[in-house]
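In the part that follows, the structures are each spelled out as structure tokens.
Next come two complexes, and both contain chain A; in the first it sits with chain B, in the second with chain C.
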Partner chain A sequence: MKQLDVTLAARSFVEGRAIRTTLFRHRRLGDEPLMLVLWQLGAEPFSLAAASFGRSPRDQNFVVAGDPRNRDLAFAALLKMATWFNGHFEAPSADREEFEHWGQILTRSRSAPQIVVANGSTIEMLGRLGRRLAYLRTDGPKAAPLELVRFGRHLLFLSSHARMPGQQIVIALTELVGSNWATGQSPEERLSLAALNAYISPSKSHAFYEAMKSERYAIGPVPSGEDDENLEPLVEAFNQRRSGDVSAKVVAPLLKPIEDHYRRLVGRTWRLAWDCYERETKWPEAPSVGRRWDLDREAYTQHIDWTMGIGRRRTRQTPRQAAILLRRLEEAKATLEAEEACDDALRMIPYLLDGKAIQGRVIQLDLNNRELANTRMVRRPLVVISSPDPCLMPCGKELWWSVNPDGKSYEVTQVRADEDGGSIVTLKLTTSSKSTPMPRVGQEVCFSIHTTGTVRFFKLPPTEPWTHRPEAPVAEPVALEDSEIRS
Partner chain B sequence: MKVNISPDVEKRLAEIRADAAPRSPTVRVLAAYANHADCNLAALGFAARVDFDKLLEGTPYQVQFGQSPFAFSRGIAFERMVSARDYAETLNLLRTTMGFKIEDARTQDLRAKYQSQRLSMGLRANETREIIRQILLGRPTSYNLVGGAVLEANIGGISARFEADALAARFGGPIHAGEVKSFPVVDGRADPDKLSAALDQVSIYILLMRRLVDELGGDPDLVSRIALLITPTNVGLKPTMSQKDVGTRVARSERLLASVPDVTDIARSVPSSLTFNVVADQRADPGRRADELHKIADSIGTSYTPTCLSTCGNAFFCRERAFRSGSPCLTGPQSSRLLPGISSLNRAAALSGGAPPALNEAPVAPLLARAGRLYDAATKNSRFKSSSQKVAV
Partner chain C sequence: MNYPSTPKNEFYDRSVLRAATQVSKEALDDFFSSNGRERAIVVSAPAGAGKTELIVDAVGKIRGRKTRLAAATPTNEQAFGLVRRLAIAYPQETISFVPARDIELPPTIQRLPNVQEVSAAQTVGRGVIVGTLSKLGDAFARGDLSSTDALLIDESYQADSSRYYGVGGLAPIHLLVGDCGQLNPFSTIDDPDHWRGLPEDPLQTAVGVLLRNHPSTRVHKLPLSRRLDPRAAKVAQAFYPDLPFSSALNPAVRGMRLLPMTSVRPRERLLDGVLDRAAVEGWAHIELPDAPVLTADPEIVELIAHLFQRLAQRTPQVRCELSTSWQDLRSQRVAVGVSHNDQKDVLRARLDALGYGDVVVDTANKLQGLEFDVVIAWHPLAGLPDPDAFHLDPGRLCVLLTRHRHACIIVGRSGDRKLLNAIPPRTPAYLGWDPDPVYDGWGVHEAVFAATERFRISA
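Take a look at the complex of A and B:
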């Protein structure tokens, strides 16, 4: 939490509703996302008790398992969802375009599917379901349908890709909405999509009271104890009446009471999730979203190509894989922060407050300034800006102009305090190239530490150092289905 | 429960508790209390053994900490599985994971031996003590594996008993404490939050076991710092055993137990008329019950933080008090730290709009004013400077 967050939280508290923290939407939101609402049974982490899925608020498909502790019943429900999901998820991969990557011509899908869920817990559940399904045996006495295995592999990809900062294939609404709105709530309370939403669109009373009412309802996938207390007799009756039979013919007519129970719970989250999603789509998209979407399309294409070929992935990384992934995550986070700050004046404010950026009006421009570089004089244009704020940056600090963050850097060469408590800052462009864009006198500008142009190379030693060698080789993934949830 | 405090103090605590649902200090209660040990209301409830989770039932402030019956039955089923057939599965894990020679293992399930819950705790505590004494004496007939041990501790002057569905195991070497949990381990990993809570729990058992060994004249270091955790692996309930050094957690548990205020001091420090009588009366008007709790809270003080929401039954009540006063703690501890000297969120909002600061607000006021000015300037020409109508708080 930064000073701006506290300031806006205080204002939100006084105004009685949420305050927008961005001028743009920093994620692509497609017209027909794949909305998933999941519900698990009690503390059974691998059980899908009920689910709703669809591509529009009215296109609500709904499945319940009955008692998902039974493998056959759980898989029957999952198979219905898998059949629907695989079709929609894999379809975009058929339409490809070529692109150049470090001199190589590669292909990528022209579009990618987008999965929307209510919260981060649902993404974790997708990962658990993926882990359960992706490594199932498709031969032998308890052969699983191939459709389920593919579904599991897609879910594993989604839960893994969700960790990438700025990715847009999996959208958790609590994160999307939470990053765009400040509220007078604690971080713990903001994890409830219902409570967060109540702050954004309260009725006449203060949002605190609306949120208090809303947060009592479970959003899924973890059920409330009270809801499961109501469910327990229904599941017991269901199990008694089916007497161990798992055939669809016997099970289907017995599911109605359990369906009614879940339809109410899942339906509430379904409407809430679509309301939140549609509200966010109305905000203008930030300019750098397209670049990140390109990366998403590439990641999606690679996943599809791998899944349709070999398909298996490690569930525990080798030290080398872990180091590479960590580096990629750090780079993606740095680039995301830079892009969002340069796209959006509100996102730049925390850096202005932290002394990592300076903004003001250009009062002087010296395009012909020259200085000695090694043996000859070279052109080094100077930009002098007048900022209403004090500048605490040291001379020599490297900054980038926010409208050209992937261009050449500027160097702080002089900082003077003015009479009004502001500062006069002189910046020197570190190239003599005349093609580099320059600000005009009188223009409002912002220079910050953020750059999107740095290419970072990462070289690992050919073998892991002894400090990073595991005692035993990293285990190959195995099927989890060595026993029933209840034996 | 045995109480080693004076009858006067016990009488006063009973008056404070009145007809409120009582609660014994279990490991879970202790862990919950540790999260808000600086709250006077929580300390009073802990000392008077008031079950705050039930105190406000029937009012708008009632919390829902109910556990899913499916989660409960999963835990029971798993515990039964590891203790079935004289702990056959557990012994097998001790053999394969720890390398123990278990051919002549002697096991004792104290929970099964003493079925009646009400009377069993004291009897099990005595028997646990005797078993540990036999182990220390090195008797060949002593048990190697004990399930459902009960350990005693003095918590702020109250003698409390902690029921460990844990196992004390000794096969020639040190004594180990363990815990049975039904959350799964997949690919060698478990849910970090659940794992952490389980290890905290075992660390308290290890601490109490060390104290017991010391009391019996043995070497406390005979109790291993390695916690044993038995959990299901993968999708099913097939058990697996994990080991983890919890030395630092044991030290933290020791500090926690030492920091619990003495119940005698608490009983004597509160006003003589203070009682939860009306607050706990479910036949009384909810508004009156809340008013009475407000009076108690006003007289002794509370210390709300958002973490109370997951551990304290009075959390909704205290949160509304924080809301009414506009306390910065409403938005989290980080927010409070960033607003030193600022009495309320209303005041922080006013300072962000350029209101002149008081002397104690001077360090933060310029930052708030600058943040507010930058925000207003960035949204000046925007259609969404504020999405709101002003609402009176």
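Take a look at the complex of A and C:
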């Protein structure tokens, strides 16, 4: 565990309250997100048992499947949700703007929908539902409604896009809130939105006890064992009374006991999720959020264009696609960490403590320093800063000025300890360009390992090499739906 | 590959050398019997087996047939080393290095008369082309680099599938050489196991994806280590359960001696005990008392700094099969291996302040493929509250404990071995992927603790 994490957790426990660890909100939070609260049966992870969805705390739609192990009942509940979701999710794509990308003029949606869920487990469930729905047949004896298939494809997009560091189309509240607050809880305890929120919400008693009381409640989508035990007789009675009938006319009047059961569970998470969301919206948005939102809008637009056009989604990536995605994810993560640290002084603290950044006041500037590079003398400006902290960086370390993280790097050329326990650090700019911004004498500055400069991706051949192709052709899989019909 | 014969035969275990020479010969015979069909040969070896030497040997034989080849490595540093070895081994051959942007060969290698730094487009007609997998793959994808007849990859267990993809089509015949016990490819992303078990997993090793798609690929196992002497090889065998190997050396060929010193200070007597045991036994494992600590544990930093000071005071000397007279141990031949960059940075600053700027301090990832006379290994589990997948990784411990020729001093805390008395952490299972690095690491750590038990000294 890092020193800062230990210190903040201890301080939070001593003070009996959570401690804010950021000055900003590093995600865009829209006015009318699509809030989704999902519930499954304990042992049925690919089916939706109950859900609430809406765009404001008062706009709470609610569905239950009755017995989600039955395909018709499960799909009937999902279809209600899909119809609502597809309309709201696809609407922003109608309003476009043009932008230039590598010399090409492309269009993207002026806005994008934002899906908010309680936790990462709910995003995983969206992915599982997507896998189940996106590949259903829309013809033949067990034809699925088109709306449901499109819903599945949107869910698959959300599930895969959620992996992109810094994306803002799908927000898991445990991750959003957890990254902004330090509490005296273990990482496992912080996975419960109820417990995390109880530590943050002001209360008269110590936050630890508030959190302890709250973590008893399941937040979904996985129910507590007790909740499912309470549900079991209700579902058994429901199935007996409907006698195999799945028509809405028969089923709807029988759902009341199951609805009452889930209304209590889902309703608790619904209120909690909105409380957490609205609290975070009050913090100012960080400067780099806009750049990442642009990327989100482009990803959303591409998804909609593909889904409304060709529509098919690969079940698996090719080795080439996986390799490219891996590099993109690595790059996005590094850029996100850099942007958050350079935007937010509190986010920079861990790097200062780890010796990956140095802050201080500029005490000397030598803009005309010259040195020999290969065969000629070149300009290499020097910046000398006085830091109140000891500097553990080795000479030669490459750093970037935090106000110009996409600019040229500086190199640590000398580190001296001063008599007050601080340090005098000399940095050399690694370019002679006079257009590079330079700090002023007396200015407070921070230099860190973080850069947001573009990284050149290595290109991959368009065709699969023999090393990555199986010797023998792989057998075609049997469609799940077909195998069900045959059995 | 031919190993040294007379006059130094008495240093080597001849039966081990014979077995290794036979494996090398079979691997190269196999390589040359492909008749132009697309195929690969894998040579798997323990630490210090002379893998790069096998590559160098293969280059000579391939060029003897007037065949064009490309040799690739995962990192720039490894490519630099390979260029140097090839240039020295074959002075009549031009070695063409294709650098990535902002990369250039170190001046000492640049100055070798038969080394040339060229762009990919300038490699047309050249016989030996060297570069990283990323650079050669990129150049090949852009059409700047034309196909070669053979591709040789060093450190191929460190190369990931995505980088191998780039160079896969560069040649019809591949020779992949690597250490199967070292660290697997890694990524900074939050869920690197996302593709685990799937054929498209970009983080499986180059050897892994090759064997998955071409299970008939022959894997030759080099059964020796030339770096590790018999004392070290005995412990290191724990890292290679599927690759029995022996040291190429006879016992007591290598030696390390220290100037005798006495001290009344308990700390210095403790350090002397550690250094003496390392000099005599080849191993010492010093343990500080158990305590909850930070990653860059300041007590361990101080202990390592004091070990260096005391080592320098005692004027260490070494002798070995390459130099039978006692030679002063140079500080450049001493390294500290750590698991985290935090640890590296703090130690680097501390050792610099003490005037040990020449001593190498680096993480296990960066030490892969390097060799030193003496290594101080900061144990990955030192002071941890719970063992996790990162710190249990058997490859990390393997790298830290197999870099030395003479002695390895392990530094940890007394609670480290107790961590393994608890219940192992829960690990996910993946269809199509049997290995479990956490459980493997758990077992390897237990075996290494047992094997180094008699070298343990409590601080």
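To be clear about the criterion, the second predicted complex is superposed on the first by the 455 of 487 C-alpha atoms of A that agree within 3 Å, B and C clash if a C-alpha of one lies under 4 Å from a C-alpha of the other, contacts with A are read in each partner's own complex, and residues count from 1 in each chain.
In this section, a contact is a pair of C-beta atoms (placed from the backbone, for glycine too) under 8 Å apart; a residue touches a chain by one contact, two chains touch by 3 or more.
Because the structure is predicted, anything quoted here is derived from the model rather than measured.
Judged by the touch definition given at the top, the superposed model places A:Gly267 against neither chain B nor chain C.
Once chain A of one complex is fitted onto chain A of the other, the partner contacts of A:Leu392 are limited to chain C, with no touch recorded for chain B. Within the superposed three-chain model, A:Pro57 lies out of touch with both chain B and chain C [touch as defined at top]. In the overlay built on the shared chain, the residue A:Val6 is in contact with chain B and with chain C. Of the two partner chains placed around the shared chain by superposition, chain B is the only one that A:Gly225 touches, whereas chain C remains out of contact.
Looking at the superposition, the partner that touches the larger set of chain A residues, chain B or chain C, turns out to be B. In the superposition on chain A, A:Arg316 contacts both chain B and chain C.
In the superposition on chain A, A:Glu188 makes contact with chain B only, not with chain C.
The contact surfaces that chain B and chain C form on chain A in the two complexes overlap at residues 1-3, 6, 316.
The touching residues of chain C, counted against chain A in their complex, run 38, 40, 101, 134-135, 137-138, 140-142, 161-162, 164-169, 172, 174, 187-191, 194-195, 198-203, 209-210, 212-216, 294-295, 342, 345-346, 348-349, 352, 385. By the touch criterion given at the top, residues 1-11, 13-20, 23, 41-46, 128, 131-132, 184-189, 200, 202, 204-208, 212, 216, 223-226, 228-229, 231-232, 235, 315-316, 345-346, 349, 352-353, 389, 475, 477, 480-487 of chain A touch chain B in their complex.
Listed in rising order, the residues of chain B touching chain A in the complex are 64-75, 77, 182-184, 186-188, 191, 234-238, 306-307, 309-310, 316, 320, 323, 326, 328, 330-332, 334-335, 338-339, 345-346, 348-349, 352, 367-368, 370-372, 374-375, 378-379, 382, 384, 386-388, 390-393. Residues 1-3, 6, 163, 165, 316-323, 325-327, 329-330, 333-334, 354-356, 392-394, 456, 458-471 of chain A are the ones that touch chain C when the two sit in their complex.
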